Each structure stands twice: as structure tokens, then as C-alpha cells.
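Each chain carries a letter (A, B, C and D) given by its place in the written order, and its residues are counted from 1.
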Amino acid sequence: MNGPDFVRLIQAIHTAMEAAQTELNALDSELGDGDHGGALATAFADAAEKAAALTNPTPSTVLAVTAQSLLNRMGGASGALYGTLFLRMSASCKDRTELTLADWQAALQAGLEGVQARGKAAPGDKTLVDALAPAVAAVSTSDTLGGAFAAAAAAAQAGADQTAEMVAKFGRAKFVGERARGHVDAGARSMAVLFAALHRYQEDEDGKT
Amino acid sequence: MSVRKKKLLNQRSMILREMLQGLVSAYPDVVRLTDDGLIVRAQPKAPGKVGLVIGNGSGHEPAMIGFVGSGLFDVNVPGEIFTAPGPDRIVAGIKAADRGTGVLLCVSHHAGDLMNAEMALELCQMESGINVEMVVLYDDISSAPKGSEPERRGTAGLFFVWKMLGAYAETGASLTECKRLAEHIRDNTRTLALALTSAASPVTDEVMFELPDDEMEIGMGVHGEVGIGRHKLLSADATIDLMLPRLLEDLPFNAGDEVLVLLNNSGSMTLMELYILHRRVAQRLTEAGVHRYKSWIGPYATTQEMAGFALSLCRIDDHMKQLWDAPCNGAFLKGV
Amino acid sequence: MSVRKKKLLNQRSMILREMLQGLVSAYPDVVRLTDDGLIVRAQPKAPGKVGLVIGNGSGHEPAMIGFVGSGLFDVNVPGEIFTAPGPDRIVAGIKAADRGTGVLLCVSHHAGDLMNAEMALELCQMESGINVEMVVLYDDISSAPKGSEPERRGTAGLFFVWKMLGAYAETGASLTECKRLAEHIRDNTRTLALALTSAASPVTDEVMFELPDDEMEIGMGVHGEVGIGRHKLLSADATIDLMLPRLLEDLPFNAGDEVLVLLNNSGSMTLMELYILHRRVAQRLTEAGVHRYKSWIGPYATTQEMAGFALSLCRIDDHMKQLWDAPCNGAFLKGV
Amino acid sequence: MNGPDFVRLIQAIHTAMEAAQTELNALDSELGDGDHGGALATAFADAAEKAAALTNPTPSTVLAVTAQSLLNRMGGASGALYGTLFLRMSASCKDRTELTLADWQAALQAGLEGVQARGKAAPGDKTLVDALAPAVAAVSTSDTLGGAFAAAAAAAQAGADQTAEMVAKFGRAKFVGERARGHVDAGARSMAVLFAALHRYQEDEDGKT
């Protein structure tokens, strides 16, 4: 995947976040303040615009401008976490013009580590880490991008679903205690949306060739 | 008890920008709005003095845009409603506050504020020559048990830091000294809040929580985070009798201690109620042998139109009294 | 839109007394409560200066109990909630304010306040040797048409009189001069209010009026008196565009005039909304060529937890600017 | 009627105001702020207590302490008006130990004039004057106290009833404009309660003798 591919990928994620906006807001309303979908949609709209405006996009620069949009247009804890994910991925592929599956694995691993260092949440804490961590692990279960992303998307969604069983230890949901059970975490679900978009993007690409 | 969603606004997406423009239109001699959306002092602090910055989600006005000015903060980095600003804007705020001897970045402890502040700090350390320190502030005893103070949230009681730290930086105290004072004030401050009604986000129109007509919630956070429990609605005196002992024993405040008292209006409490509440606070403190130096009653950190209040105590010494009584001039805080 | 009847109070019959006790417990260096229920300055004004008194129904806090202090009123005579105090208590207030050169009794024009003030004046003239003058203050353009100004109600705009008259009396101005200044400020002040929600009396729990969720009332009085008309809820800018021209043409305020602006919070408006409203006021005044000297935004005269505001303009000259900028120290008003 | 009679009369008015409190509050709620009954009941309770405590009550001193209670415990416009009524009556019979019908006529006439001078309301303005003025006039239509007070009570009630047809020019009701029609004025009704109490008091007295 080269720079222009990444520009289209960010556009695809933006489209997916727009579509999921209402659902994500509703999930966030249950345990948080109901703005997660709106915040992601706005930030990815900005990212898509900024990425499209890059004159010589590389994977790393597209990921970096996306990180900037997430950090500064989204704000809050989730902006910092989403931003960190993209920032670390960008740093991990700084000198690459094209990303291989191995590069993807390394980038996602770096991103996950950054998110956990920043947010301190471990799997089981009912956060976006519960979708991100299994997705990152699943990328290594295949040797094609298509297979890897399919596995990651499935793992992210399964991880998100499992958050319904958990009590939150981070984020606003932390303060609702036991009442959190039965509700899927908004950030975990948005991670699943992100990986689903990645998977669909790759399917389309594979379909073309 | 329905919540007021009916508000006088223009486009929802323009709330932050228009609010900041309105602020500076009213107080051009006190604050300016920069192109990148920072609220800065109209007359910058003298060179060589430590700059003070804080970033925060908006929606709590006058906090923090009303507390930028001489003897107060140098820069406020306002985020969107209830959303911490991102690291780049905090870095811009740090740069704007620097008068050559370093900047203290104050963080009201909430996950988003802390993460973004940490990122800003990393960026500063990588990039700029500015000497930056960070201090994380918390005061709300309902958000984590005694012994886990650093996990507590930052709420209305941070006001004591803003005022006294602002005065201290103005005296020419060093960055290390400023940080130490901020920690000292924090470590001597305890706050407990109570809500009678919920509030709605002006952006989403979502009501934060539901509270029955005959109940109140103790320990409510400034974004409607649930507190330590609901209670049947009590009289004013009984409410203070329930809350004050928890505050006193948490620090603990002992007989002979001298304190500042803040009764912060969360939004739509009447002053009438707050004065009646203060009457009981004064009685109870006297009984406990705790001396009140000064009391402040008003809306300093709000949660939109929530009806509720926060009671906050800060143990002080002679140096802090001097700082408390020092002059200041912010849009929402003049003289003293 | 239901109104908050849920309040933190003790016995309803004790509201006034406990509120006053609470006030003086918080600000003992500023105000004292006398045995007959008057709020007086902790440090009386210097002998030989004109005393300033005002009586009023309570429930509008901080008005007027918050505006007693140096550079402000000498005595406030607080009545029960929304009820003017009787003549004997006003006479007691006049006596308490006298420093040997006479007292100006200020009356916010409402039927009860005026009648009781007139009776107090008659009693004083019969009984005591005190030199008393009375000035009746009004500002609300919605309560009587142009040409019938003396029939208008006294509302938030009287704030301009309190502040500048307080400063003037402090300079040693004579009783005649004080009265003339009060009239001059009154005759250059115009106010128009707007309500989004009603409020409830804390004594009776009666809601003052009903207002549909999508409507606002223009010209609402400070006790919920109906205004000049209901209007579909508008945006902040459109609301100012509707109200400001009426104010401007009433005096009229002309291009080249210099004014003070007050945006008074009736109770539970957010500062966020008020700043957004002020932004438009500033824009529109600039377009009209009217210069703003200073703006004040906050809850100065409230109607319990009513969501609404009053916009008030006062045309000033250089002497008034000096008085406006003079120091003062009341429980709710410090510095300037 | 001598001083002790007046003490009992004020007690009788207090009882009547207590009984009418809810009704008067309800009337005041329609066009005003709903406190008229409560204010009168409180003030007359205070007056009855103060009157009972007088060592050598005369008609004038009983009327004067009642005026003080009305002025200072009731407050507001109606406290000033009710207080003025009693104050002027007190002044008009200052040297009397016993009030004749002629004294009553003079006292009430003085009271009415005081109320109108203070409040500026004329008959037809939908205020307590609409009950007080016809009651004062009716006192002259009989030559016994019993007959005079019966006529006054009837006239006051008729006057109060007629306020339902009026639009208010004074008091809080002024601001409701045309909407005031159909509602009886609270102050007019309370004046009718006062004259009814006076009438009943005199009936009881006449019954005794």
C-alpha cells in the first residue's frame, strides 16, 4: 500500500465513521457523554481533506496528518488515543513509500503500544484496547493483506462485543460502575468500525486486481 | 425535573468561537483572543516571571476563560465543550505564556486533559527550548478513596490554586517554587459536590443523567460523572451536616486549622440557597474549631445550568493568606 | 419546560433571616446584620458624607444585599421574598445610614416599594431630624411607553445608579448633588429583559407563569410580570437584533454616544450564552456608532432560577466614567 | 364600641382571614403572586397578639398596633394600603374611648381617603378600593351599628364581585391586561372578608345584649 492508497484508505474510514456516527453516539450516550461518533466523523473528515491536499503523500505523512486531525480536531482522551495510534504508526513507517504486511504488523504493534502507554488501559478494562489489541494480534494470522485485515476486522468486532460483559476502569464509563455491564464500549466499537473499513478497502483493492 | 435544553445560541458548531469572541469583546482591557483560539492576557506578564497555562474542555464558564489576567493565568487553552484541547494547541499556549523563565502547565485531572497535556509536554521537550513543568491538580474526594488521591478528579477547589498560584508567579517565584506551591495548595484542598438536577450538553442536547424530583446526588463530577450515592432530598442544614464531616475527616482538617471556604455554584443554584448553606458551614466549622479566613460564594466552575454546588476547603498558612489577598484582574475575578 | 421547585432550604418561613445570617457569616469584613434585620456596612462611611439606603423585596440576590459596602450602599432594608419592606424598617434603615448630612432613599419603582418609601419619608419628616430625600428609579422600557417613563419599573439597569451613586457619595457630594446624579443616571439608562423559562417562588412554590418550550417572553419583569409579547425562540444573534434597536431608539442612543453595557443574568443563563449574546451586542453597537466604555456580564439582579437576561445601556460622560471606575467593596462587587 | 371591643374585633378579623387564607391566595395566584391570604393571616395574627397585650386598649391604640402589624409584617403594596386604612382610622378617633356610628363613619371615610391618596386607585381600577369605597358609603345608610355593618358587608362583597368585570390598572394584575377579566381581585375580596367579619362581630354583640 503506497501513499495515494493511504489517502483513499483515510477517505474510506471517514465514510465508515460518518455512517456509524449515530450508532457510536448512542453507545457513548449509555455510559459517556454521547459525542464519540460525532467527534470521530469530524476528525476523519478533516483528516481526509488534509490527506487529499498532500502533494507527495507517503504512508507516513498520510498517517501523520490523520494523527494531527485526531489530536487537534477530536480532542479529549479518545482524540489523544486515536491520535497516538496514528502517530506511532506514522513513526514506525517513516522511510517507507509502500507498506508490506510486515510493515503493517510493525506499525499496528507500535500503535497499540503507544495507546496502552498513553491510556494505561489493558485488555479487559472495557476500552478501545479491547478491540485494538485482538485486531493487532490477528494481523499476524495471515500472509496476505486481505486475509490479515479480514481477521483483524473480525477480531476487533469480537473484542468490541465482549466489552458488553465488562465493567469500565477508564474513561467516563468508569464512574458508572456495575451499571456499565450489558453495554458495548463506544471506543471499542469505533475501533471495530475502523478495522472493518480497512478490511473493506482491501477487499475492493483486491477485487480491482 | 426536566432540564433546560432551550438555549440562546447560534450555530451549535460555533459555540466555542463565538463565546470567546464575546468574552474578549466585553473585556478588551483584560484578555485577547489569538488567531489560534487561545485566551491570553491583554497586557503580558513582565519578562522573567513564570508563565501559567491551563487547558480544559469548555462549558464550565467562567472556568477557565474568566481567570486569565494579571495575578491569575497567563494563557487558557479552551477545548470544545467538555472536551480537552489537543496537544498542539496546548503547546501553542505554553509558547504564548513563556516570558523567558519557563512555564507551569496546570492540568485539572481528567483522563483527556492529562493525556493531551502529557503529549504536549513531550512535544515541548522535543521541539522547543522552553522550560516546562506540569502539575496535575485534583481535589474531589468522591472520585477515589483516601490514599488514592492522585486518582481523584480536578473540580471547583482548583480555584484555590488558580488564585494563589497566580499571585505567587506575579511575585517572581521560580518555576520550581511555583510547582511546589501548586502541589502544596492541592494537597491541602478537599472538595465535595452535590447535584439537585442534571444539565444538558449544549452541543448534543443530551441530558447528562436523570435524577428524581425528591433525590440529590452527592459527589457529582463537573461533567455529570456519577457521584458516591443518591440521597433523599434533605434540608439545607442536613445537607451540610452530611457533607462537611466527610470533607473534614478526609484531609483531615483539625481544630486550630485555618481555612478558605469556597461554595461554588454549579450553574443555577440561587445565591439565596448558597447563603443559607454557608450559614451552616460557618456554624459547623466554628463548632469544629476550624477558623475561616475568607469565604467565596459564586459560580466559578459550572456545569451548564446544573443546579448544585461544590463545597471546598483549603487549609492555609500566612504565606497563602498574603497570596489570597493579592490583587488580580481577570474577566470574572477582580480585586479580591 | 418545568421549573426547579427543588431547593436546598430549611423552614420556608426562615429563608430571609437565614440568608442574611449566611451572607454576614461569609463577609464579616464587609457587612453586618443588625438586630432589626438591616444589612449595614461593617465599616460605616465617614461622618459628613451622604448616606445611601434602598429597600426591596428579597429573592433577587445578590440585589440588594450584595451591594452594601464602601463605594456602594450604606444600608439595605431587605423585605420578605418579592415583598417590599414596611415603612418602620425603612425608617430604621434611614437612621442607620445617616452620617450627619442627610440620606438619599433610593426606590426601585414598584408599587409596594414606592408606597412604603413614601410612608417612611412621611414618618421621617414628622419624627426625626434627619434630612431625607427620595429618588424613584426606573429603567424597563417594556413596562410603559416612551413619554410615560415615570411609570416604568425599576429593574437590572438600576445597577448603574448603585455603582456610580455609591462612588459619588463617597467623594463627599451633597444630598442635592447625589439626588441629581441619581436622576441623571436614571434618565440615561434603558433596559429590556427576556425570559426563556419561568421561576418559582421559594415561599409558595408557585410557578410565576407558563412559557412553552419554543417561545420566549420579551420584557419580563423581575417578579415575572408579563412583558410586551411572546416570540418564537430565536437564535442568540436574532434575539439581540430584535431587542437592541428598541433600546437604542427609546432614549435614543445616537452615533457618537458612549455607553456602559450590562448583560444581567436573571438566574440560570449560562455565561456561555451571555458571552455569545454580548458578541452580537458589541457588533451592533459598533455598527450604530455607539462606543462601549465598559461591559458587565453576570447575575446582578435575579429572579430566582429564571433563565433569561436583561440588556441595559447607560449613556455616560467623563464624570460618570470616573465614578464607574472608582473602587468599591460589597459582598458581590469588589474592585471594578 | 370601646377599646376591649376593638381587641375582640381584631381577633375576629384574624379568625376570618385565617379561614379565607386559601381562597385569597388562590385569587391572588390568578393575577398576582399568590401570597395575599398568607400575608393577611400572618399580619392579623400579629395584630391580634399585640392588641391583646395592650394594657389600656382604646379604639385608637388597637387600630394603631393593627396598622403597625399590617405595615411591617405584611409589607408590599397591600401592607401599605391596609396599614394606611387602619392608621388613618386610628388618627381620626385619637381622643375617643368609645366609637359611635358617626365616629365609625368618620374613621372609615378618613381611612378610604388615605388608601386612595396612597395607592392612587379609583373605583373601577380593580383593586381593594372597589370593595372599600362602597362599604364606606353604605355605613351611612343605617342608624345602628348593626344595620350599618350589614350594609357595608353586603356592599363590599358586591363591589368585590364586580371586579371580575374589570381590567386592572394597579398592582401586579395591571401587567396581565385583558386576561384579568373574569377573575375577582384578591384585595377587593379580602376587604369583603374584613367587612363580613365586622358585621358578624356586631351581630354577635347585638345578640348578647
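Going forward, a contact is a pair of C-beta atoms (placed from the backbone, for glycine too) under 8 Å apart; a residue touches a chain by one contact, two chains touch by 3 or more.
Source: prediction; values computed, not measured.
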**Request:** Return the chains common to the contact lists of chain A and chain C.
**Result:** B
**Farthest chain relative to chain D (centres taken as mean CA coordinates)** = A
**Asked** Roughly how far is chain C from chain D, going centre to centre by Cα mean, in whole Å?
**Response** 33
**Request:** For chain B and chain D, let me know how many angstrom lie between their CA-based centres, rounded off.
**Result:** 56
**Request:** Calculate how many whole Å lie between the centre of chain B and the centre of chain C, each centre taken as the average of the chain's C-alpha atoms.
**Result:** 29
**Request:** Take the average of all CA coordinates in chain A, do the same for chain D, and state the distance between these two points in whole angstrom.
**Result:** 78
**Request:** Chain touch graph shape: choose line, ring, star, complete or other and state it.
**Result:** line
**Prompt:** What pairs of chains are touching here?
**Reply:** A-B, B-C, C-D
**chain D residues touching chain C - in the complex, by the definition given at the top** = 25, 29, 33-35, 38-39, 68, 71-81, 83-84, 118-119, 170-172, 175-177
**Complex contacts: residues of chain C adjacent to chain B** = 1-2, 4, 6-10, 15, 18-23, 25-27, 58-59, 61-62, 66, 196-197, 202, 213-214, 233-237, 239, 261, 267-283, 295, 297-299, 302, 304-305, 307, 309, 327, 329, 332, 334-336
**Message:** Please output the residues of chain B touching chain A within their complex, sorted ascending.
**Reply:** 57, 79-80, 82-89, 110-112, 115-116, 118-119, 143, 201, 203-204, 206, 208, 221, 223-226
